[in-house]
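This report refers to the structure that appears directly beneath it.
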Amino acid sequence: MQSPAEIVQHSGGVIGVSWLMIALPLLGAAILLLGGRRTNKWGHFLGVAMSLGAFVVAVLSFVELTGLDPDQRRRAFELFEFIPGMVNMGMLIDPLSISFALLITGVGSLIHIYSIGYMSHDRDRRRFFAYLNLFVAAMLLLVLSDNYVGLFIGWEGVGLASYLLIGFWQHKPSAATAAQKAFIVNRVGDFGLLIGIFTIWTTFGSLAFADLTQQVTGQASEGTLTAIGLLLLLGACGKSAQLPLQSWLLDAMEGPTPVSALIHAATMVTAGVYLVVRSGAFFEQAPTAQLVVTIVGVATLLAGAIIGCAKDDIKKGLAGSTMSQIGYMMLGAGLGPAGYAFAIGHLITHGFFKANMFLGAGSVMHAMNDEVDMRRYGALFPVMKVTAVTFIIGYLAIIGFPMLSGYYTKEGIIETAMEHNAILGWLAVLGAGLTGFYMSRMIFMTFFGKKRWADDAHPHESPAVMTWPLVILSIGSIGLGAFLILGNRFMNFLSPAVGLPQELPETHVFGFGPAALATLALVAAGAALAWFRYGAAEVPAVAPRGSFLTTFARRDLYGDALNEALLMRPGQWLTRIAVFFDNRGVDGLVNGLAAGIGGTSGRLRRVQNGYVRSYALSILFGAAAVVGALLYVGNM
Amino acid sequence: MPWLSILIAVPVLGAVGVALLPKGSDKLAKQLALVVSLVVLGLTVAMAVQFSPNGNRFQFEEKYSWIPSFGVHYGVAVDGIALVLIALSAILVPIVILASWHDAEGRPDATGLAPKRSAKTYFALLLVLEAMMIGVFAATDIFLFYVFFEAMLIPMYFMIGSYGGVQRSYAAVKFLLYSLFGGLLMLVAVIALYVVAEKNTFMFPELIGAIQDPTTQKWLFAGFFIAFAIKAPLWPFHTWLPDAAAQAPAGAAVLLVGVLDKVGTYGMLRFCLELFPEASKFFTPLVIVLSVVGIIYGAIVAIGQTDMKRLIAYTSISHFGFIALGVFAMTQNAQSGATLYMVNHGFSTGALFLVAGFLIYRRGSAQIADYGGVQSVAPLLAGAFLIAGLSGLSLPGLAPFVSEFMVLIGTYERYAVPAIIGATGVILAAIYILWMYKRTMNGPTAEPVKGFTDLNGREKWVVAPLIALIVAFGFFPKPLLDVINPAVDKTLTNAQVTDKQPVSTVAEKKGAGQ
Amino acid sequence: MTTHYLVLSALLFAIGGVGVLVRRNAIVVFMCVELMLNACNLAFVTFARQHGNLDGQLIAFFVMVVAAAEVVIGLAIIVMIFRTRRSASVDNANLLKY
Amino acid sequence: MNGGTIEAPTIEYALLAPMLLVFGAAIVGVLVEAFAPRYLRKSIHVPLTLLALLGGFLLTILQVVRDGVPTTPAAMGAVAVDGPALFIWAIILILALVSTLLINDDEQFVAQAAAVPGSSDEEEAVRSGYAQTEVYPLLLFSVGGMLLFPAANDLLVMFVALEVLSLPLYLLCGLARRRRLLSQEASVKYFLLGSFSSAFFLYGTALLYGYAGSLDLKAISAALGTVAGQDTLLFVGMAMLGVGLMFKIGAAPFQAWKPDVYQGAPTAITALMASTVLVAAFGAVLRVFWVALGNLDWDWRPVMWGVAILTMVVGAVLAITQTDIKRMLAYSSIAHAGFLLTGVIATGAFEQNRDALSAILFYLAAYGFTTVGAFAVVTMVRDAGGEAGHLSRWAGLGKRAPVLAGIFAFFLLAFAGIPLTSGFFGKYAVFSAAVAGDALPLVVVGVVTSAIAAFFYVRVIVLMFFSEPAADGPTVAMPTIGTSAVVALAAAATVVLGVFPEPVLNLADQAASALFIR
């Protein structure tokens, strides 16, 4: 077992200006937002340029980093003092963060380019690009910060960008609601992350990754470490749509499709995985927390898959799939150094193939007048070949078709899990089978079978600005997995940042292990089932009433219903009661006191009845009282 | 140069000047008021630059005997805490003046009739208020502090009562009486402090440590604290605030919630802790409970509001819970955070109230249900509202985050459970802000909203500086913290508290590493 | 010995006091007040006797003068209100109340 | 008094000059009534009265400046012109002077008191331009009584002074030009209750005489240590004497007359009563409970606690629902009497004597000016029926007459004790003396009632500024020079005492430092 390398404070070279990665898109966002309508004409080009600029910086940093000795590959440097005595803002460039940076800027740039075409008819395209740039900046801040506060700022920054982009078509109430829901559910996770950060601070007196080495965290009790781990996991669950905070992701599909591709598939939702891997120093010494991470991962990968099986909305189907795939990553991240490389590897390949498919779905929608119901698709293969082919490549990658990207990374996770805990492993295999089913279902319903188009639909291939990104992404979907996993290339690359397991796993071009074969078999079975039900058979244009299980899946496993019953309704009641209590109780007391004095006054003044004789009486009584009192006091 | 006296005198003279303008010169009055407030701002900046954070605790000291018979001095000086709050006042006033350009005139469509109101008086009152706000933070004589503390109620009372909404007189009277009641209790404590201390002076620095007897401390603490708790306001003394803030014109509401209420939390930090350290420790559990209840309660009730200004007022009650929590957590981080919170909350709630005011000016209603889809017709307005709102929910990258983070982390160092419960306010904040935003700004554009114009030039000038400050201090709070930290350090020393140390520290390593 | 005078004086004072309370006619009320003053006079004179100095007796004269002055003023006022209201009842004058 | 030879008494005329001047002028006034032709009377009375009061004031100042504060009683021990008395004299004289400026107004006083309201006689009297110019000498007599009352060092003198100050007031109360029924009713009520209470005062005096064998305050004090077994006489006497005094200051439960009389009396007279009579009565209260009964403070303090609390509460609570401005100010005056009583209680603790005394003196000065100013404003707000007494008529005054309403609001804030007004320092001084005198709970009651009291002051401000003016709302009379001078002077005093109270505080402190002569 090899621990991560020490973080070196060094601010030279290209890495020294790596903050440009964040600054460029941020600047882009600022210019586009503040510039207003004047920038409408060229705004989208600026957005793309800024994103590409960040990509260039990322690539250069990556090149510089790989040129260093492995134990020198974790570089941090301070930018400015943020909260004196607590936090200095700084960059951390290490294999883990640069991997993310490459993914974010790379895929991000492609999606920027794609969006030029996709959003060309939207009058607010400039604003869209501003938000995209803002997202890229925040996401980079999240992964490049050298401390938890910077991470948290980025964390919430992507949340904001996500909120803005989900609600981009805010005039649609559903979009506005979805945006709000995403933000609020994420806040629940953020709450956990926040408390986790507090605990780290009070326990260790620092929030910088450089200080929080395993030697340092080892000094704390396991209970504390478990607590930290679970709190961070809560944060991760929110951002990565893991159970029990998964409900927002499906609604988030209200946003424009490039947003779904970039934020809710490729990058932002994987931030939770990043957090868990980055916080390895805590998790690795808290087995309970790790176990919970794996359980959450498995539960979500199954839940997402089940949801994906029943969705007719192509984007929601993909969203369920995203949930499921992140579940895999989470599972991998919970397995310690042995799983990190596969988790991050899967994250990267997923970034490619899922973005590929989302953009493909966007291309389909673009062609079908924004229709999202797959029951209204069918037989699209001939009319949009590029989209279909790239989509199918992504599909093959995700179901783990041998030799394609997903095959290696997913297999890696399943194998590692199997070694770790057989039950988890077999459940993960089951998930892979489900993936085979629902993804095949999607392909058959969309591209094959009979036309079920709306009357006014005239599908056509999308413009080059949209198809080229698809092509590039599909290339990644094909080859990236093999490149990363074979020979443990990625594991070795990441090792300075996350450490290495005791023994490196063996990697094969094609695995013959029982798990690998079982996975393949189940996937094939799933695909076959899908073929029988959706390829060969007629697909009804209106969803038939399904069995209980179908309804269960269609309704997102009753997640929303549960939220509504457990949180929203009691919350509404609580709010009503609190408002009532405030008006009648607290304020009522104040006003009641005033009214009481007023009432007393009103009654007492009647005593002043205008008769001089009663005044005299009061004087007499008063005199008697005074005499009595004085005699009493005097004789005491 | 007697900076602080000048800062107090200039707005007073300005107010007199504005008030003496002939009838009908409303426009001139506004301009004059704006110029005066800008001059004050300039002077404040000039003073702030000369402040040396690591110098004496109190700087720019002035001390003259005022009423020798009572041992009262005209004593003014600032430490870091007071300085930032004075700066907050000086920044907000010109913005408020600009924002209130038409507020004093009364709109014809408000209640069917356009009441004739004197704009001149409004701006004169604003300037008087500014002088008192500066004075109350600058006072180092407790009696002088009390004088400003009470006297500043009067201009605000008239601003609410004369220029407010339909229920303005109820709100104004409630505001005045509630605050006055607290103030009078404090008066008893002030008198008792003087009598018991037997120092024949009200000068704050000389009275530190003067009261040793724990029982006496407790009583005096209670006297001061209730006044501050009403002013701040802490739960359950808060019910005047929603009424006052909802009825006050937006500009006055900004100063009320943004600055006036800070006097309460400032008083706790400055006077309660340092004068009565033992009692403060004794009452800490109670105050922390009140604060935490306030955080959650304010947020929940805010969610249930139907009136924008009331909603914002309730969010402030929640935020004041955070500030009080930070003050009484008695750690460096929490108290610095609380002080920073006072400033940031001024900007953030200020922006929120002002933008809400712009909305209300356009629609003539503060009811959330009367809006919908504003973003489609007035994107800038909506954007400003969103940023202000996001700062209200302490979004990282905006100023209030830093302070909320510091308060919570500082509280967590000593009182983990309250900090955790308080942190749930983070979630609730997202609900109340975003839900209000959604209901007003998103969705299909409501019929009466369709004619909305976007922000005009003046309104942009109102919003821009606030947003710029919110963003700037969100990423770079250091200038403020550098000023605040040494002052908080002194406060903690005088309150006889030391910071808790982490379980296993990496401090040595950090020192070597950086 | 002097106690009897004092008791008498107290009785007179009490009668006067009660008279003020129970009688409606302003003149009678006023006379009751005068009775109270005279009760005081009796007390003064008694105490003068008890203490063996003349101060009390002297005071009695002062009180008489003052009482006379009071009568002058009082009757003027009562006559004034009687002329206005055609009634000397003190209960009639209760416009000022609450 | 031994052996039939009567020594001629020595009288320090110089010392008593202010009082003598006032009484002299009063007698001259009577002569003027008797001999001067009707058309000349007023033009003689006004300068005469003003000059007498001014002269008295100047003589008082002169006395202090030239000879300092006397240390022995004057006039064979009957009158004590000591530090507090001189300070009180000065206040009374200046306040009376100011109030006289208000009286200088034909609008207020009846043309012919003898004429039945609404009769042809009255019309005739009005048409002929009669004026009840007796007002001026009556006022001077009353002021003379007020001067003597707090300076009396002998209970008999005090009783005489009480009557001299009261009797003219009974008459003056009944002389209002408008709403004569109310005025007459006020007069008769004040008279009956006043004489009733002075009977109590006198009976108390008698009992104390019985106890001590003397009416000299100092002798009574001395007897406290020597006379044994007569405690009942002492306590009952003290109680009844106290009742008489408490009646004059309007302490509860002896306050019933105050609202009725204040409301019914001509406003100028109300102003006089609310300011100078209160000052004089407090002077007398202080003297009696200090000089004669100071050593019994353990006995009377608890009772006075009760009276003070009751007074503050009754004044503040009952004022809330008042609808007549003068009546409301009357209740306010009751509440303030309560606040002052807390100061009186503080004098009981001997080492605090001086602070408490000077606090009360300052309070009286501050409150006196503000009160006169407030009533002066009341005289100026009129509608068809004369002064617009009902509060609802004051709605929107702030828009019709912003300056006047502003000043009135300022007076009200001073009553409420808001900082930067004289009322604040008055209250502060009294309360701080009370705290130092171990009366903290009393002070807490005081501040709570202050908060309640603030409500009705604020309510008037709400009416004036925040309500829309009534359509047929009152007009604001063009003030006479006198009235505007009064308002201006009162406002100035309220401001100056509220911002720079030190000189007057200092003066009060010096006056108090000499303490009462024992």
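The chains carry the letters A, B, C and D, assigned in the order they are written, with residues numbered from 1 in each.
Operating definition for what follows: contacts are C-beta pairs under 8 Å (C-beta built on N, C-alpha and C of every residue); 3 or more make two chains touch, one makes a residue touch a chain.
Quantities reported herein were computed from a predicted structural model and do not represent experimental measurements.
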In this assembly, which chains make contact with subunit A and also with subunit B? D
Chain whose Cα centroid lies nearest the overall Cα centroid: B
Between subunit C and subunit B, distance of the C-alpha-averaged centres to the nearest whole Å: 65
How many angstrom lie between the CA centroids of subunit B and subunit D, rounded to a whole number? 44
Distance from subunit D to subunit C - Cα centre to Cα centre, in angstrom: 25
Quick one: report the Å distance separating subunit A from subunit D, using the average Cα coordinate of each chain. 78
Junction residues of subunit B, two or more chains touched: 177
Set of subunit C residues in contact with two or more other chains: 17, 20, 29, 90, 93-97
Which subunit A residues touch at least two other chains? 594, 605, 608, 610, 612, 616
Looking at the whole structure, which two-chain pairs count as touching? A-B, A-C, A-D, B-D, C-D
For the subunit C and subunit A complex, residues of the former touching the latter: 17, 20-22, 24, 29, 90-91, 93-98
Taking the complex as given, what residues does subunit B use to touch subunit D? 66-70, 115-116, 118, 146-148, 150-151, 153-154, 157-158, 161-162, 168-169, 172-173, 176-177, 180-181, 184-185, 187-188, 191-192, 194-195
Sites on subunit A touched by subunit C in the complex: 605-606, 608-613, 616-617, 620
For subunit A, which residues count as touching subunit D in their complex? 594, 597-598, 600-602, 604-605, 608, 610, 612, 614-616, 618-619, 621-623, 625-627, 629-631, 633-635
For the complex, which residues does subunit D have touching subunit A? 188-189, 192-193, 196-197, 200, 231-232, 234-236, 238-240, 242-243, 246-247, 252-254, 256-257, 259-260, 296, 298-300, 302-303, 306-307, 314, 317-322, 452, 455
